[in-house]
Structures are given as C-alpha cells and as structure tokens.
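Presented sequentially are two complexes of chain A, the first with chain B as partner and the second with chain C.
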Partner chain A sequence: MSTDIFRKTYTNTVEEPLDLIRLSLDERIYVKMRNDRELRGRLHAYDQHLNMILGDVEETVTTVEIDEETYEELYKSTKRNIPMLFVRGDGVVLVAPPLRVG
Partner chain B sequence: MAVANLLLRTIAENSMVVLLQGLQGEVTTVDLRNESTARGRVVNVDAFMNVRLEDVLYRDRRGKLTRLQDLFITGRNVRYVHIPDHMDIMKTIQSQLAKIHRVRNFASHGGGRKEYSKKK
Partner chain C sequence: MSLRKQTPSDFLKQIIGRPVVVKLNSGVDYRGVLACLDGYMNIAIEQTEEYVNGQLKNKYGDAFLRGNNDLMGKSTTRKTLTLYSDGFFSFKMFL
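After this line comes the complex of A and B, so read on.
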C-alpha cells in the first residue's frame, strides 16, 4: 500500500479551492448550509470534507410560512448562539467572508 | 483485521473526526439532520462519525423529551456536535494524533511492516 498519498503537504500558494478556505482560518466567515441555515462564526479548523470547527457561532434558520387565505409568504428567521461548534461537511453549501449588510 | 484498523485510523487521521474521537467521556449535544437533538456522554466516535452516546436526553423535532440509556447515531445523520467550552481543541487533536502514531510505531517495532518511514 503506497503511503505517499497520506502525507500532507502544506503550500504557501493558493492552488485549489480549499486553499482559499485556508486563507480564512481564524477569521470570521459566513457559511450557507442546506435546509435554509446560515452560520456566522470564527473558523478554527476545517478538513477536505468541509467539516469545520467554528467558534462564537450564530446560527440563523429561515422558515417560510404561507398564509392560508392570502397565500402571503411570511419569512421568519430564528437565531441562536453557540460558543464552539463542530459542523459536518456534507451540510455545507458555501463558505464566504461575512456578508456586509447595507 | 489489522488492515481494517489501519484504514480506519488513516481515514480518521486525515480528517477532523479525530477531534470528535477526543470527546470520549464528555457530555455533549449532537444536533441531528432530522432537527432533533441528543445530549449525552460520548462513548465512542468512529472514523465515519458514527456516534455512540449513553445516558441520553433525546429531544425530537417537536420538543418531546425521551431518556435513553444508549443511542447510536449514524455519521450521515449528524449535523452539528457542540464542543464543551472547557475543551482545548488543538491539544485534543494533537493527543489523538499522537495516539494513532504511537499505535503505528508500536506495530512496526521489531521489524514489522513499516507504515511509513519516520521523518527526522
């Protein structure tokens, strides 16, 4: 069994998309997740699956309620704060610097 | 059997699952994909993020609470794992990796199959 494939190499240049995430280590980031969830937190660690450790996280869950009579869409968002969170990578849709509102 | 363990250790060592493996014995909350949560003591986490919890308070998506002695969660069903405040993440990861490397070196002691040549 070749053992070279298990050896990690750390480069200084940006070569692949995951390297861009490496640039955000220890920075606050915005993570869009499946099921209408968003996370804002400090990126402490990540891996190739996009499993991540986020600190000081704010999770926003957005739901749409449809009014029975008027068929109006009411968007509600629920937030909660978690000091340190491990996020499983398969739920992650995108990773970006925090969105600036306004 | 030894080959299977080598594979599992290698899968774990190359991802963040090692941190979860270092959570053994800690009480944590696991948020599941189905919007339910399970709070209990971590018995074991494997390379695929399958989690075994004991003494669990399971809250379903409606908020209904159930006490469970033993709960096995498939890795695919994990959304979040809450990390206890007091944990030092880097230290935990490093000690988990050290354990893996110790096992690896132990296996190659005495002229056994070397998994990789030692640097330094």
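After this line comes the complex of A and C, so read on.
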C-alpha cells in the first residue's frame, strides 16, 4: 500500500487521468458541469469522485429562452462569484486548464 | 492491430496516443489525441476540440472527461469512443 502511494507521487510512467489532474492543483481550472454550468476557479483539492474544493470561483449558468411566437432562441448567462466552493463530483463533466478566448 | 484476445490493459496501451472522438449522450463531441484512460472510464485527451452542432470551443492541453460509473454495469453518461486508425479499420467502443 505504501509502495503504491510512493509510485503515485513519484512515477513518470503512464499515468491515470486523475494523476494528470493532480498537476493542476493550486492552478486555475475550468470545469464544465451538467445543467449547462461552468466554473472557473483555483483547484485546492479533489478526489477520485471528482469532488473538488475550488477557491475564488466564478460560476456561469447558461439558459436558453425560446420566444413563443418567433421561435428564436435567446441565450442568457448568469454569473456569480463564490470565494470557496465544494463541488460534488457527480455533476462534473469535464475539467481543463482555463480556456483561451477563440 | 489484430483482434485476437488480449487483456484489457494491453488494449489500453494500444489505443493511447491515437486520435479519438468521444461523444457524450448529451450530444457534445470531443476530438483529440487520447492521452490516457483508466478503469473507471475517466479519459484524458490532448488538443481537444469541443463540437456542439458546430464547433464551439477549443481546448489546448489536457481535457479530462469524467467516467460515470460502475465498472461492470451501466454508465449514466454514455460515451462512445471512436478511434480513427491508419485506414485499415475503425471501431467504436461503447463506454
């Protein structure tokens, strides 16, 4: 068991996806969640379920309103800032370094 | 690449480094090079592009897709992994 932990900390052989997330600790990341939500914040902690602690977070919720008559789609996004956030892993779809525009 | 019997870990070693498309059941497509994959179907892809209908976002570097599941049973997020081979054949793996 202890050799397993040693390997996970010091290995440079093929790593699991979760090992690569470890490289993003203390960095800003972008998280895409279910229900059209996105988070941008600093990754403080994570686990195998992808539960995460994020600091200095901006959450963006995107909604689509459809006009009854014209059927046109109106995309709205709502943002809010949260200093420290626990994210439950089952809502997470994707984790990446912050997006560059374009 | 042959289709003889091989262990799952041999298979995983073979497909790493290949260009893939991962399609989620939400309809979003992620295209890139498969960096790694684990027994829980978590996937890391490099040079990822996200397609929803048309192209939406470009992600450079690694993108991690969460595997939702149970190893033996059904996933709540169905993912289709399509591997583009050297032209001899291609196959889809349902995750």
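As a convention for this text, the second predicted complex is superposed on the first by the 87 of 102 C-alpha atoms of A that agree within 3 Å, B and C clash if a C-alpha of one lies under 4 Å from a C-alpha of the other, contacts with A are read in each partner's own complex, and residues count from 1 in each chain.
Throughout what follows, a contact is a pair of C-beta atoms (placed from the backbone, for glycine too) under 8 Å apart; a residue touches a chain by one contact, two chains touch by 3 or more.
On a predicted model such as this, the values are computed, not experimentally measured, just so you know.
Enquirer: Once chain A of both complexes is superposed, is A:Ala96 in touch with chain B (first), chain C (second), both, or neither?
Expert: Second partner only.
Enquirer: Applying the document's definition of touch, where does A:Tyr46 land relative to chain B and chain C: first, second, both, or neither?
Expert: first
Enquirer: Per the contact definition in the header, classify A:Leu18: touching chain B only (first), chain C only (second), both, or neither.
Expert: second
Enquirer: Counting only touches as set out at the top, which of chain B and chain C does A:Arg28 meet: first, second, both, neither?
Expert: In the superposition, A:Arg28 contacts neither chain B nor chain C.
Enquirer: Just checking: does A:Arg88 make contact with chain B only, chain C only, both, or neither of them? Give me first, second, both or neither.
Expert: Touch status of A:Arg88: first partner only.
Enquirer: Looking at chain A, which of its residues have contacts with both chain B and chain C?
Expert: In chain A, positions 48, 90 sit in both the chain B and chain C interfaces.
Enquirer: Within their complex, state which residues of chain C touch chain A.
Expert: 13, 16, 24, 26, 30, 35-38, 40, 42-44, 48, 57-66, 68, 77
Enquirer: Using the touch definition up top, name the residues of chain A that touch chain C in the complex.
Expert: Its residues touching chain C are 14-18, 20-21, 34, 48, 50, 89-90, 92-97, 99-100, 102.
Enquirer: Quick check on the complex: what are the chain B residues that touch chain A?
Expert: 10, 13-17, 19-20, 33, 49, 75-76, 78-85, 87, 89, 93, 115-116
Enquirer: Under the touch definition given earlier, write down the residues of chain A that touch chain B in their complex.
Expert: Per the stated touch rule, the residues are 3, 6-8, 44-49, 51-53, 82-88, 90-91.
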